[in-house]
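Okay, so chain A shows up in both of these, paired with chain B first and chain C after.
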Partner chain A sequence: MSLTTKVKLGLLATGIAAGVALPYLTSPFIIGIVTLALVFGLFAMSIDVLAGFGGLVTVGQAGIFAVAAYGVGYTATHLDGGHVLQVAVGLAAGIAISVIFAIMAMRTSGVYFLMVTLAQGMIVWGLAYRLAPITGAENGLRGILRPPAVSAYWTYYYLVLAIVALAGGLLWIVTRSPVGLALRGLRDGEDRLRMLGYNTAFHKAYVFVLSGLFATIAGILYVYLNQFISPAASEFATSGHGLLMAILGGTGTLVGPLIGAFVIVFAENMLSTYVERWTTLLGAVFVITILFARGGLVGMLSQAWPRVLARFGHPAASGDAGAGSPPGAALDGTAHATSNPHGITTEDDQRSSR
Partner chain B sequence: MTMEFVFFQLLNGLSFAGLLFLVASGFTLIFGLMRVVNLAHGGFYLVGGYIGLTIVLATGNIWLAALGGALAVGVLGVLMETSLLRRVRGQELPEVLLTIGVAFMLGDLTLAFWGGDPRAMPLPDYLSGSVDLGFIGYPRFRVLVTLLAVAVGIALWLLMSKTRVGAIVRAGVDDREMIAALGINIRLVFTGLFFFGALLAGLSGVVGAAFLGLVPGESDIEILLFALVVVILGGLGSLPGAAIGSVIVGLIDAFAKALVPELAFFTLFAPMAIVLVLRPEGLLGRRA
Partner chain C sequence: MLSIENLRCAYGTAEILRGIDMDVHVGEVVALLGRNGMGKTSLVRSVAGTRPPVVSGGTIRWAGTDTTHAPSHERARLGMGLVPQGRHVFSSLTVHENLTVAARRRQNGWDLDEVYAFFPRLQERSRSRGRNLSGGEQQMLAIGRALMTNPQLLLMDEPSEGLAPAVIAQIRERIQQLKGSDIAVLLVEQNLGLALSVADRVYILGDEGRVAWHGQASELEADDDAQQRLLAV
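Let's turn to the complex of A and B:
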């Protein structure tokens, strides 16, 4: 076991221990923020699966997130359904909308994919405002109570912690499975993958729905956390925040988006009392991260880490790139003016470069 | 459904299509040459609308407002292009992500400067009121918007197909390296085109301020959604595509708002889904 692996396992163990111990150490207020950060962390991870690993940058994920939340909310407030039915409807709604969105988006890539997902998310937002009989329009849906077993803030926190940890583990396995490999193939050379006989559209749809499933879970956890849902959840800004969390933390790393979510959720709750133009600040963070730190926080750390190792007399930790590409790699992809590294230009390359 | 209702909604649709074309043409022009999907386009629209409104309130002159709003946003576009986009030239995703950051900032800053109340642009007498079209009366301003859009469309078409600048832009779309090798300063062309696209967004914002009104935090997003659907339908980067997409979206929106108001946005979804499944590059788009 290399030192780096030991450090990673140590960090993971510390993280879990801290997560379990937290309710004994701090105030309900902080626990509330941590729970929200975990929910958004899962949401940002679901974006990372598509954006970071597959180079498919989605800005409509809040649409899926909100549809699942509305599914729960509608069942609770209009159908008087029990919690099992609420969650079942939420899951079904989220998965159904993911499948529809996936079929629409599966034949596009790059900026087209981004635009299509953006329009999808915005249509959910528009419907959330106007379909008052179901969504309650601007007033939203109130009084969506948690199941009695997790009605206390700290029991709900443990539930969220467990689900997010489980989901994170599942996603980690998925990204290292053949599906994950195909995803990276989509990112690095979709045309080549297609020439090798892969049905790239099918792969995209598959991963889209998978990512949508995790956004759905995040949406369900979100609505029970707030016990309330309004059109704001489906806003462009929600998708944008999720994407920013992923990029700020480091795309293609899974743990990065979680870190990004903690940074942004905590900053929002701590700073927005003092900083009047919070959204402007977020926009600036967005711009600065893209311009100067595309690997995000995890990228910066992993760049600094070999130097730390060297100081302790270890050879640089090579071969430990995890998923095999540096954080932020997805964002460098689909460059349309870069030359082909092999000097061979196929007709397909030329077309994809336009 | 009476004939009058159909005609009235037809005109509603066509005049809204006029506004949509003004917005979408700038968006699609920028994409056509630069491959930049400018998601700050809605923010540009909103800023143009507010600057126009401020000028009208100060001077009472709507033409000055249109000029001022358009030019100010054009300059804003140049600032964004030279200070941000140029640093990531050629990298599609970082480019569009930068524009998302700018969109956040513009949405929030307009809220800070102009406040959170919905505003509407007052029109001078000679632009308001209705005009008699023989069988029905129709708001004069909306007729003028349609005519303006047609004029801008023809002007853009002439510019693109008949002038040297248009030839350079079209050549740049096909082969950017070659056009640079021929000694044309493609950077300047990029900046100029970005200025022009942003100018159109600013102008459409002034028109939209009188047409739809300005709702902070909503108008920018809503118009961006419409522009996206227009170009997804018509084909990204294609001017005729933007025109056709605008007419389709305008008509669908007008009839949907009148017949099934609670589904106003959802009615955009179906045509978009059909086009994406059958012809992902859009009706007049090139295969990407």
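Let's turn to the complex of A and C:
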């Protein structure tokens, strides 16, 4: 059984309230980290749309993210364009590269899709180093100022919070639309969709561009947050980080990648003060997640929830085995919360043992 | 009408079908029989456009259109619905989602309510995921999903495979109900009893990759020799 709608709405309201109240409660340093986590949360959500919902594991999303950021940076530093133009160029560049990448990747799936997106990410990374007149090579582009209205750290935080909330809401709607349904069908088998009349290559390209649009928005928010962009943003490690956030939080859930982003960004910024080899620690957490909690943190929580209910004597502590599990099966095909912490025999169990 | 002329198809260099001629008319159920490995599934996959095998010769015409080399999603849009061997339902989608993802509306055609009325069991299980269904329920779902596309040609590849007799009886009843509506059914079967009880006409594939026998179902029922020669194991 999953978290009930009431609980979900309660959590959402708490999250928004906490988000709004945060600048009054904590230091600029923490707000900076939270802002970064929100930006990466959106980035990881864009990866989750492809990898978690569609089973299309991308490792080149940082390419799109970086192209959008460079679009903003180049317009700001070389063309002296206003902020409207900067954002417009960033959006156009991100969408254009998404369309090109989508056309390259639309006829592949599985490990081939992964290899194509890997190559795409590497191409952008290579160009970021080589196209010095545009990207400033290793030095990157500096002095990309925020619009005056959001130049303060806390006003920019509110802007990012609002955009990420809005984008998250839009993605949630997309995943529940017929497009999202077909996307999840894609993960179970492309042939099955095709014989129902879906042009799956086109459908993949469409979702790829949609996902690229959200990576683009994340890239634009990222460059204004740091006021600086360098080839590091386009590295494979950035894509890998995004994927890791999605897996750690729980793929196929949207809220999982956001939670994963907070865990990893905070670990990166706080833990690194105390532990020298914090990346080793991160690696260990990742391995443990893959081995023992394939639904990620969100999957663990929805599994634990019936136990919490049972402890407080709530009667509705069991239900359909499948319905509550996050569809975290993208990377392994089998992972799902197995429903039944109490040994209560559900109808599903009876049927499968018949 | 589905009309297959001199169809040849191959897996790599191995030619499985070597000149098949076959017709299926709207309103009739045609059974395709034959021993294992004779190419029944290859024929259905060629008609549906699922690869492999690759069609190496001949033509497949459906409703006046040459669909021999059309991509499978275009064939589906032209009104072909496939109930694949092994069911292949979407395992992570619920029953309800499996059906709605397939929906293609047509005036007076199949919709969710009609499919649920056709298979009441699916309505009871509407919130369960495909992977949590029994074999019989998955088969009902595979048929229901194909009906949601409102096909005029229903290709059914061994719907009785691995099912309990009681469930097979139910599937038989449903195929009989489909008969006579404006739909053509091509049914691949190993289960001779099921095939004979629902089919109007029968084609039997022989070991040369050609049609070894065809005629009315009632003729085959009376023809022990053909049954022995072409179907007995």
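Basically, the second predicted complex is superposed on the first by the 318 of 354 C-alpha atoms of A that agree within 3 Å, B and C clash if a C-alpha of one lies under 4 Å from a C-alpha of the other, contacts with A are read in each partner's own complex, and residues count from 1 in each chain.
Note that in this section contacts are C-beta pairs under 8 Å (C-beta built on N, C-alpha and C of every residue); 3 or more make two chains touch, one makes a residue touch a chain.
Worth saying up front: this structure is predicted, and the values here are computed from it rather than measured.
S.K.: Would you check which partner chain A:P178 touches, where first means chain B only, second means chain C only, and both and neither mean what they say?
M.R.: A:P178 sits against chain C, while chain B stays out of touch.
S.K.: Which partner does A:M122 reach: the first (chain B), the second (chain C), both, or neither?
M.R.: first
S.K.: Applying the document's definition of touch, where does A:G197 land relative to chain B and chain C: first, second, both, or neither?
M.R.: After superposition on chain A, A:G197 lies in contact with chain C alone.
S.K.: In the overlaid three-chain picture, which partner chain does A:V34 touch, first (chain B) or second (chain C), both, or neither?
M.R.: After superposition on chain A, A:V34 lies in contact with neither partner.
S.K.: After superposition on the shared chain, which partner residues are touched by A:L243: those of chain B (first), chain C (second), both, or neither?
M.R.: first
S.K.: Between chain B and chain C, whom does A:I97 touch in the aligned arrangement: first, second, both, or neither?
M.R.: neither
S.K.: If you count the residues of chain A that each partner touches, which comes out higher, chain B or chain C?
M.R.: Between chain B and chain C, the winner on chain A residue contacts is B.
S.K.: Pick one for A:L213: touches chain B only (first), chain C only (second), both, or neither.
M.R.: Neither: A:L213 stays clear of chain B and chain C.
S.K.: What is the contact status of A:V57 with respect to chain B (first) and chain C (second): first, second, both, or neither?
M.R.: First partner only, chain B.
S.K.: Per the definitions at the top, what is the overlap between the chain A residues touching chain B and those touching chain C?
M.R.: In chain A, positions 336, 351-352, 354 sit in both the chain B and chain C interfaces.
S.K.: Would you mind writing out the residues of chain A in touch with chain C in their complex?
M.R.: Checking each residue of chain A against chain C gives 178, 181-182, 184-185, 187-189, 191-200, 320-323, 327, 329, 336, 348, 351-352, 354.
S.K.: Which residues of chain B touch chain A once you look at their complex with the stated criterion?
M.R.: Contacts found on chain B: 35, 37, 39, 84, 87-94, 96-98, 100-105, 107-109, 112, 173, 176-177, 221-222, 224-225, 228-229, 231-232, 236, 261-266, 268-269, 272-273, 276-277, 280, 286-288.
S.K.: Can you tell me which positions in chain C touch chain A when the two form their complex?
M.R.: Contact set of chain C toward chain A: 48-50, 71-73, 76-77, 82, 84, 88-94, 97, 100-102, 104, 127-134, 137, 145, 149.
S.K.: Residues of chain A touching chain B in their complex?
M.R.: 55, 57, 59, 100, 103-105, 107-112, 114-116, 118-120, 122-123, 125-127, 130-133, 235-237, 240, 243, 247, 276-280, 282-287, 290-291, 294, 330-338, 351-352, 354
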